[in-house]
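In order of appearance the chains are A, B, C and D, and numbering begins at 1 in each one.
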Amino acid sequence: MNNYSNIPLQASNNGADEYILNMGPQHPSTHGVLRLVLKLEGETVKDIVPDLGYVHRGLEKLFENRAYGQIIPYLDRTDYLSAMNNEWAYVMAVEKLMAIEVPQRAEFMRVIFAELNRIMSHLLWYSAYGMDVGALTPLLYAFREREEIIDMVEAACGGRLTHNYYRIGGFRQDLPKGFFDMLKKFISHFNDKVDEYEALLINNVIFMKRAQGVGVLKKETAINYGVTGPNLRASGADIDLRKQDAYGVYGRLDFKACLRDNGDTWDRCKARMAEMRESLKILKQCMDMIPEGEVMAKVPKIIKPAAGEVYTRVEGPKGEVGVYIVSDGTEKPYRIKLRQPSFSNLSVIKEITIGHKIADLVAIMGSLDVIIPEIDR
Amino acid sequence: MDFKKLLWDLFYDTGKPLSQFYAWAHNLWMQTGLPGFILDVFFQLVIAVVIAVFIALNAIWIIYYERKFAALLQIRKGPNRVGPFGLFQTVADTVKMLLKEDINPDKSDILTFWAAPFIIFAASFGVFLVIPFGNGLIAGDVNIGMLYVLAISGLAVIGILSAGFGSNSKYSLIGGLRSAAQVISYEIPMVLTVLAVVMLAGSLKMSDIVAAQTGNPLKWYFIPQIVGLVLFLIAGNAEINRGPFDLPEAESELVSGFITEYSGMKFAMFFLAEYTNLFLTSALAATLFLGGWQGPFLPPVVWFMLKTYFIVTILMWARWTFPRIRVDHLMAFSWKILLPIALLNLLITAFLIKVI
Amino acid sequence: MIKYVSEIIKGIISLMQGLGVTLKHAFRKPITLQYPDVKADLPVRVRGRLVMPIDPEKNDNRCTACNLCVKACPNLSIRTEKVVEDGKAKPKAAKYNYNLATCMFCNLCVEACPFGAIIMSEEYELAVRDKSELMIDLVAEKYVLKGKKEKYFLTKYKEE
Amino acid sequence: MTTQELLEKIKGKIQIVESKEDLGVLNITVSKSALKNSIASLKDDFGFDHMNFMTAIDLPADSCIEAVYRLYSNTTKDSIVIKVKLDRKEPKTDSVAGIFRTANWHERETAEMFGIEFAGHPDPRRFLLTEDIINPLRKDFTHPDFNPMPKV
């Protein structure tokens, strides 16, 4: 009944201290259904093999049988913590294929929702991470603010997690009345809350001891593994797609990429905390700069891009969210490949956990902020 | 008989009416000509039942209290569905536990697996014998009381180890071993802090330690031993595997540590023992540092409970605030920080006693 | 030695900060809603399950069984049957089978409808005991909208 | 850098079978044998240090499978797409997991989805799917549980 047949791990027989531990798929801290098979010596991790695919839904195959417009709701279900960023990458790709110009108001709205989603995702990361390291209270505090954002998003698009709001060419509907009042209220107090989060968990001496110098990810290794997002910036690489590609209207906004130097677990946490503050700055600017006008470009009723291929990417909360579309000129895409950040981010885990303790493995896993449906698709 | 005086004695000097009642019963018994030890055994059984009932009721209350207190810190409401203010939530949970299937994992070591909850429960049960709840309200006022407490409470680690070993699960085993390491290394700073108090009181007997602190709050030992109190709380919290020191259970790492494989009533016993231990540690802290049952106006039992629950609240506050310590930091913390400070505290105390 | 002591003091300060944060929250009001007793006030755009409300002007639904919603649905959750009544030019939906089990509440069908005949209602407590109850015939249901959503529906998805 | 300039620059080092520009991105096709060297050369000599993804496209009409590698340079901010045509009956190519370690998982996924064999892959196990699903992303994939969207 031993189910390790697929896993190339063997506890050595002469060294009696080694054993295999199966962590997951149902484990409190593997964030969804990830299975990690560990080779341990005492509590020290000697080897680690991730086993994936428990929630594979074959999205890429589904896409080949759907019209272009029908694909958007499925994208919400990859990284469900920041659905709008996935939608954005996809609609941007189709717009690029069809050369559609998106109205300015819609572009600003896209930035607003992408940043709100980024904060949402980081807040959930923070609360889940608190659980991982054994602090149970941060969850409730972070969810309080997350709920505020979700209410905002719900007022705009009607969905709480699966938003389905972006459309090819702009937006389904304009912003609801009173949206900016809610946003203003949120902006006014959120910075204090981030201070609270830091005081409660991130700057706590117990946590700092656990996180500093643990799971160090070198810049070169990170780039070689295709790690992106806050994880990469914590290692000191100044790579932020919002700056590099300057898609949407990010070129007109003033913000900075949140860099850290060491690339350890603590730096990854700090980078995310700083990113929340930066997102807030972006939101503030968008609120001042957003023009009035249409939110939807003129788009043909039946979306039929010309044959060709395109790859667009946006900076999601976890890293580079990319969509690669091959079109053959029909109503349905010929092939869509989703490039999701967690896929590459998780692949680095073997590199940075070997030699640490089980407790560190949990801390490192949490700090990478992976989300399994995104990997399995 | 003066009814008013009896009432006064019952509340404020509980030992006197109890010993009067015992002498009266003993006299009566001796007239029958039967050997006296039968009566003593009977009385011991009565005491055991009383303590068992107290443990059960107290644990039910303390679980409810913890859930409400956690809710307070976490800006939510906590249990509020079963009964008024959710007071019967724990009762409902207990009934649920009793009705659940008691699972024995395949290939588990039945003897150790079954013995574990009883050992742990017995350990916390035994300590209750020497806790002075009130003036004279103490089941067995032995003259090595404090030593007895340390010896018996250390037994719990055997239960945890046997739970970890008997479950035949790797998670449980890691949890059990963690617990053994943790309890042994925190025993030492705890003993050293207790020793400082014992030196001040000049006795190991619990009633003497309480009496030495007198009714004046300024003479309670938390003033000369403030460092000792903090050390005792940290070490005590670590010994009962709670708060930031819940490594043997460590939900996010070891699923549930040594109780992973337990279910039904056996699980409930672990749960009961955990909260009983929490109460015990707080009661000891109250006895050693906060003057035990002594205090003005209110009956001694009320004072004792108030002080104990004050300590309980502090421990809960810490539990719901801090993240978990890593296992090697835990050891380092004990040996590198707690032990030197405890030794220093002991030395200074000894020096001051000599000088003053 | 100085480093050792200063580290301990720094540690204690950081722990105190954490305790302070939780203590501060102990005096704040709970943020949770007592769900079955108290329900959140939902915005008008909220997407519950699909309904086909009665239009009070026509005293009937607006559906013409044009099948645009069927084509828009990514999950094939909708099936219609068309009927043309005597003496009327427009066809009508005899049956509008909506499969709640496969619906993913994406709103694409509502957007596709040229007559504004269907709408996502506020209903979100959708658990049933029998799978067969998930197949709903929206025509036979004769749903009546209430409150905010009704206005939203009558003005064809315009907010005031 | 425009695609023309980039093409001129890399022409010397890499044997290009075919090249075209697609929406502002240079798209080159290389031969199967030259793939590993070209990618190594692009990484080392031209600064393409980030592999966005690696995947494949099934082309039953041409009876070939195209493996697609997309590289990005963080310094010059250029993108390049490298394609290699593989025989559909027996798709086999060299693994580039030694050059870009991110390719390890991408190649495992692609191998499973299209039935491509990557020679020299460090960990050629199945990745996401169960054993009974074979080459699902090929256009002629059939499975008892899989129904393509019917025409309405």
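The rule is simple: a residue touches a chain if its C-beta (ideal position, glycine included) is under 8 Å from a C-beta of that chain, and two chains touch if they have at least 3 such contacts.
Given the structure is predicted, the values throughout are model-derived calculations rather than measurements.
Colleague: Please identify each chain that touches subunit C as well as subunit D.
Modeller: Both subunit C and subunit D are touched by A, going by the contact rule given at the top.
Colleague: Sort the other chains by how far their Cα centres are from that of subunit C and give me the top one.
Modeller: B
Colleague: Comparing chain centres built from Cα atoms against the global Cα centre, which chain wins on proximity?
Modeller: A
Colleague: Determine the centre-to-centre distance between subunit B and subunit D, using the mean Cα coordinates as centres, and give it in whole Å.
Modeller: 64
Colleague: What is the distance in Å between the mean C-alpha positions of subunit A and subunit D?
Modeller: From the centre of subunit A to the centre of subunit D is 24 Å.
Colleague: Would you mind pulling out the distance in Å between where the CA atoms of subunit A average out and where those of subunit B do?
Modeller: 46
Colleague: Residues of subunit B that touch two or more other chains: which are they?
Modeller: 73-76, 320-322
Colleague: Give the residues of subunit A touching no fewer than two other chains, as numbers and ranges.
Modeller: Only 66, 137, 141, 144, 200-201, 204, 206 qualify.
Colleague: Provide the list of subunit C residues touching at least two other chains, using ranges where the numbers run on.
Modeller: Within subunit C, residues 15, 18, 21-22, 25, 31 contact more than one other chain.
Colleague: Write out the stretch or stretches of subunit D touching subunit A in their complex.
Modeller: Per the stated touch rule, the residues are 22-23, 25, 27, 49-53, 55, 57-58, 68, 70, 74, 77, 79, 81, 100-102, 104-106, 113, 123, 125-130, 136-137, 141, 146, 148-149.
Colleague: Mind listing the subunit A positions that touch subunit C in their complex?
Modeller: Listed in rising order, the residues of subunit A that touch subunit C are 66, 69-74, 137, 141, 144, 147, 151, 154-159, 162, 164, 172-173, 176-177, 196, 199-201, 203-206, 208.
Colleague: Going by the contact rule at the top, pick out the subunit B residues touching subunit C in the complex.
Modeller: Residues of subunit B touching subunit C: 71-77, 80, 317-318, 320-322, 337.
Colleague: Mind listing the subunit C positions that touch subunit B in their complex?
Modeller: 8, 15, 18-19, 21-23, 25-26, 28-32, 34
Colleague: Please output the residues of subunit A touching subunit B within their complex, sorted ascending.
Modeller: 19, 21, 27-29, 43, 130-137, 139-141, 144, 200-201, 204, 206-207, 209-210, 357-360, 362
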